[in-house]
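Before I ask anything, here is the structure I am working with.
Letters A, B, C and D mark the chains as written, and numbering starts fresh at 1 in each.
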Amino acid sequence: MKSNLRVALIGTQFMGRAHSNAWRQVQPFFEPERAPELAVVCGRDLAKTEAFARQWGWKETVADWREVVKRDDIDAVDLSLPQHLQAEVAIAAARHGKHLFCEKPMAMNPAEAHAMSRAAIEAGIVHAVNYNYRRAPAVALARQIIDEGRLGTIRHWRGAYLQDWLRDPETASGWKLQKQFAGSGPHGDLNSHSVDLARYLVGEIVKVSCHRRTFIDERPSADEPGKRVAVDIDDASQLHVSFANGAMGSFEASRFATGNRNANQFEIYGSRGALRWHLEDLNRLEFYSDDDPPHLRGFRQILVTEPCHPYVGRWWPPGHVIGYEHTFVHSIADFLAAVAGQSDYRPDFRDGARVLEILDAAMKADESSASVELAPPQQG
Amino acid sequence: MKSNLRVALIGTQFMGRAHSNAWRQVQPFFEPERAPELAVVCGRDLAKTEAFARQWGWKETVADWREVVKRDDIDAVDLSLPQHLQAEVAIAAARHGKHLFCEKPMAMNPAEAHAMSRAAIEAGIVHAVNYNYRRAPAVALARQIIDEGRLGTIRHWRGAYLQDWLRDPETASGWKLQKQFAGSGPHGDLNSHSVDLARYLVGEIVKVSCHRRTFIDERPSADEPGKRVAVDIDDASQLHVSFANGAMGSFEASRFATGNRNANQFEIYGSRGALRWHLEDLNRLEFYSDDDPPHLRGFRQILVTEPCHPYVGRWWPPGHVIGYEHTFVHSIADFLAAVAGQSDYRPDFRDGARVLEILDAAMKADESSASVELAPPQQG
Amino acid sequence: MKSNLRVALIGTQFMGRAHSNAWRQVQPFFEPERAPELAVVCGRDLAKTEAFARQWGWKETVADWREVVKRDDIDAVDLSLPQHLQAEVAIAAARHGKHLFCEKPMAMNPAEAHAMSRAAIEAGIVHAVNYNYRRAPAVALARQIIDEGRLGTIRHWRGAYLQDWLRDPETASGWKLQKQFAGSGPHGDLNSHSVDLARYLVGEIVKVSCHRRTFIDERPSADEPGKRVAVDIDDASQLHVSFANGAMGSFEASRFATGNRNANQFEIYGSRGALRWHLEDLNRLEFYSDDDPPHLRGFRQILVTEPCHPYVGRWWPPGHVIGYEHTFVHSIADFLAAVAGQSDYRPDFRDGARVLEILDAAMKADESSASVELAPPQQG
Amino acid sequence: MKSNLRVALIGTQFMGRAHSNAWRQVQPFFEPERAPELAVVCGRDLAKTEAFARQWGWKETVADWREVVKRDDIDAVDLSLPQHLQAEVAIAAARHGKHLFCEKPMAMNPAEAHAMSRAAIEAGIVHAVNYNYRRAPAVALARQIIDEGRLGTIRHWRGAYLQDWLRDPETASGWKLQKQFAGSGPHGDLNSHSVDLARYLVGEIVKVSCHRRTFIDERPSADEPGKRVAVDIDDASQLHVSFANGAMGSFEASRFATGNRNANQFEIYGSRGALRWHLEDLNRLEFYSDDDPPHLRGFRQILVTEPCHPYVGRWWPPGHVIGYEHTFVHSIADFLAAVAGQSDYRPDFRDGARVLEILDAAMKADESSASVELAPPQQG
């Protein structure tokens, strides 16, 4: 029996919670070769971190990440920090040879991301960026269907990631609405997921144009009652892209799309088939095929809960649907497999850096009101 | 060029309107060999009937149906009367050799229906009962799929026809809620459609049990303000049936199913495939097949608007949906083809009589709280 | 009783057919003050035009439109020609004082359209462009809901009009794929519908960017067997726009969106509510409202078949759905009301010209890979 | 801080797995006053049970349930056995004062269930039957909407629980298809869930009729290759019921409904509103209300993931859907609250016994082909 993989988690907010759950759940459901050990959790507020550790089963609590990343009794570091804090920690941990599981967005900008990527590659560690929706079973099945050639030549990607939590002008502004911490609004937060999915399912993006908009430019401060603060990030962002393989793509992200709480969705149209997916109905994949007899063609509603489907056979019998958090468990399961040398992990830091490059180019395109071409991805 | 088919319409209410439209529309869209001529319309209130004739293009107006059914210059009679008036007219018209296109329900009871059927067969005329939903393109495609063997052995029919126009206890009672005119409530009005579809798609029904309910047994009179009248028909009716081929079936009809205006729907489950249809989305047929590869199975949403689909190629290009009234045009087109000797028309009066037999047996089953077996259909 | 409105139809292809049906159907279902008389149909191939006239009930057949537009016994002209032929006929007919009902797109370019518009306004006639989807009951209800203030401030228009009839590279090229006749591909053919709907529901468009793509640049000739011809129009077109009221909008049109036959659809997000519609399910409107109690919020599936809904009460009882062609009947009904002085008709030639201006600006934006601002619409 | 609740699990099959997960997950997500301690798991095959214990985190392993139920260091027993084994264990555990969390069906027949219920009440313990679907957030919201009076007088329950895993006649027969172990087929296995939901949402059932069917009466043996065994349970079962409050209900359960893997669904129609739910889309509740303005009425698609919705705020932010297993966590959370004296647990053993009474009466109704009336539920 293999030794446990000793994990340190840095960050205890929403994503720290989602990752903790995944580290716990992967064991009984996926039975990895090296079981993860929830060794250390790291957070600045020690009292809160201790409560968090008790709640989720982390054995030890530490306030300073610098102590953690160099410890010999830690094998892997889970980075669940806001993006403006990730690079420094990641690079330090990589230099100490820790495998890295990193929440998205991995950094504030492509430069940081490339630095992280270089450090990880030099260190020879496993480096993962958690664009978790790749590992929804229906999305993984979409990739399988494409790999099987069932779509023919892909012509169109139509992605959208719509939320509505900012639709009220009196919703207060926190760090997520400040450029210095968040970099951008849904442009980075939501489009990054869609761009990762588009690269996974369609291919590399080589040209981009973009339109961003801030609908409400001043909001109540979340921190100082009575004060109003300027909003210096986007409220909505649209992209048009060209893929290297000739397909065209559109993306739309918003926090003002009333009635959509977390509506991550895409459509892919190929010369012989098509796919559609929506996160609110995440166990279902829609598939259309010209291989069907003409009188029987239509979008199939595939309930992706069969043993022959990716990941999901590890959970429950057919027809028993899974939820949002399971995608994180699948990410962790694959990360553990990569650490065990069983497979490569994608998206890795190079992929994560490329997503940031594309979004960065898009912001430049928006500023110049013109399309921007992208050089091929940097190697290594 | 063939002579026109000279038609007399008896009845000018909702169904007279729907039939008039169908006689008008069949000509340009289906270009039948013998074009229908809207020769005579017959209604008791002559002023109203004249207005109706002007509106719909009937050439002549007559008050007494007895005059019409014997005229030499009439080839076919369209019966759009309430069911308690149909039998006498139909039998008289048949004896004069008029082809008969008869709205459902064709009569008050099986005895009347069999008499009509005998008269029609003796006269050698074409006799049609307008269970129009058979001729929704999606339903006709369902039949084609079954005939192609794609469902295997059929196990289940699940039908429902749900309306809600009586849900308010203060909705007034008219002739449709009086047993002497209507015979029954949704049991006859709605279940009759479902029973016809079940016989068309699954097969003959040989055993039935039934539960009917009257939720509101007194309502304001529609005719006399301030008066309340007893309701002596059912408000809802459920059937369980056995088919001759071993399948089992359920039916549910109601006028109290809030939120459902005209929700005629069915599901059919076979050993290798399944079908689902809903009138509110009448251009779509759902089809599931075990012939698909296991990882790609799911209900297909077939948009039944292709040239290769039944009827619909006569209308508009693919993707251009049709509506409720088009089913009547298809019925008339097939009736004209039958008159021209190109095909048989089903459901004919024997089918219509069988539907009434089944519903009649069901009422007996309800009264006795026990199942009733049905003898095979009468021949001729 | 008012005299009939004597109509001449110019054009006998798909749209001539759809218009003929509408002129026939408006009479019984809408009972307009002045009944339309199907007086003359005009087509270059006289034998075909005579067959068309017999099929649809046009009284007289003429080969040369010049004869028709000057006749005293014609009150209105219906233009159902390809767009490159419309302007000349329209201007001549306007000068003879004929009311004009004009299929979209009304012309090849904004210059032609403005000339038509000037002629129509000078002549004081009713001038209508048949962007028929405005008159789907669900779309008219959408406008009513917006006018009632239920959406608050509109933030997003997301429109798409997806077809797939060109997905096969071996589909032959006809006049619709040649720039000299069609002007553009789905950019003009499909986006024009969406742009009209966006102006109707959201407001004026003042800035536009665009990306068009030709996926297959050579196809078999539809006319000369064995020959291949270049395709010089777009296969797909995406727009990003800004509305005068601050909303942002996206449009996507394609003939390569496999599985979509005629998928005209939109989403509108406002600060307090949202709407969604899809042509394949045209009787339904989705509506979300923040006025609902928080625990009960969700997109309502409104089946737009009630007497209180626009147009549809003229047809059948609640729950009896209508189809594609009914939108044309509604257009004709409103045109007749405008001729009778009961209301104004929108979209008129000015609206039609504005749509072409926007699409023209978009093509310039595509060529320059930069956004183009639009001057306010020309008056008169 | 309260002491832990020390739990013993009896049974290590599918339900043992689902319960183990729930005991683990309740702690971080619901933070109960008394944390559950996974003390002992009991299974006949000790090697397998030890593997199970390691996988799920149970501290100790025991082969004989008799040892477990009397131990002083156990506070609660979780019964996850096949139904023919549950009664003896439950009664013994109750007599030792252990709180009981019991998987459904709780027993083989009403007599066993009543004996269990009496033992539990005498012992004064908390006794729970895990009809888990009550605790899907959408179902709990349905109950809340009914309690708020938004449906008016309920008229119709339409329930169905459709599976298809037996549709192939060559699927082998195991203990689930043998009467001596399973009692019945989907009649008990699936209808029991629906009957529990109907009692929860609509009210007590007082009359029942039933039709059961065995489509395939001989199958390959699961245990002895080459042998065929008789199937002596039902393959499908339909119920018609009357509720004490005047509503009527239908139920349909099948293992032959091709294309349905686990399609537990219901519709409820009241005089002023309606509800619909489907397990495959378990985060959504459909709600129709006559309180809406007439032109805006329609079924609302409520995504039940808001903090104001039952249970779900404990998991993730709005729009992040949960899955099948979460219903078990909710059951355990409520069981722990009941043990802590914070609330009563329903359905309790009396409810579970009543469900079995109803299903038992239904089987008698099926045998006699006549309706059976039910006495009011036994008290205590």
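By definition in this document, a residue touches a chain if its C-beta (ideal position, glycine included) is under 8 Å from a C-beta of that chain, and two chains touch if they have at least 3 such contacts.
Since the model is a prediction, treat every value here as computed from it, not as a measurement.
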item	value
Intersection of contact partners for chain A and chain B	C, D
A-D compared against A-C, more contacting pairs	A-C
Per Cα centroids, the chain farthest from chain C	D
Chain copies touching (chain B, chain C) - same or different residues, decided at half shared	same
Whole-Å gap between the CA centroids of chain A and chain C	41
Whole-Å separation of chain centres (CA-atom averages), chain A against chain D	36
Two or more partner chains touched - positions in chain D	260, 297-299, 303
Chain B contact footprint on chain C (complex, rising order)	14, 18, 20-21, 24, 27-28, 31, 55-57, 163, 165, 260-263, 279-283, 303, 305, 315-326
In the complex, chain C residues that touch chain A	155-156, 158, 160, 162, 164, 167-169, 209, 211, 213, 215, 236, 238, 240, 246, 248, 250, 252, 254, 256-260, 267, 269-274, 288, 290, 297-299, 369-371
Touch list for chain B against partner chain A, complex	141, 144-145, 284-285, 287, 289, 292, 294-303, 306, 308-309
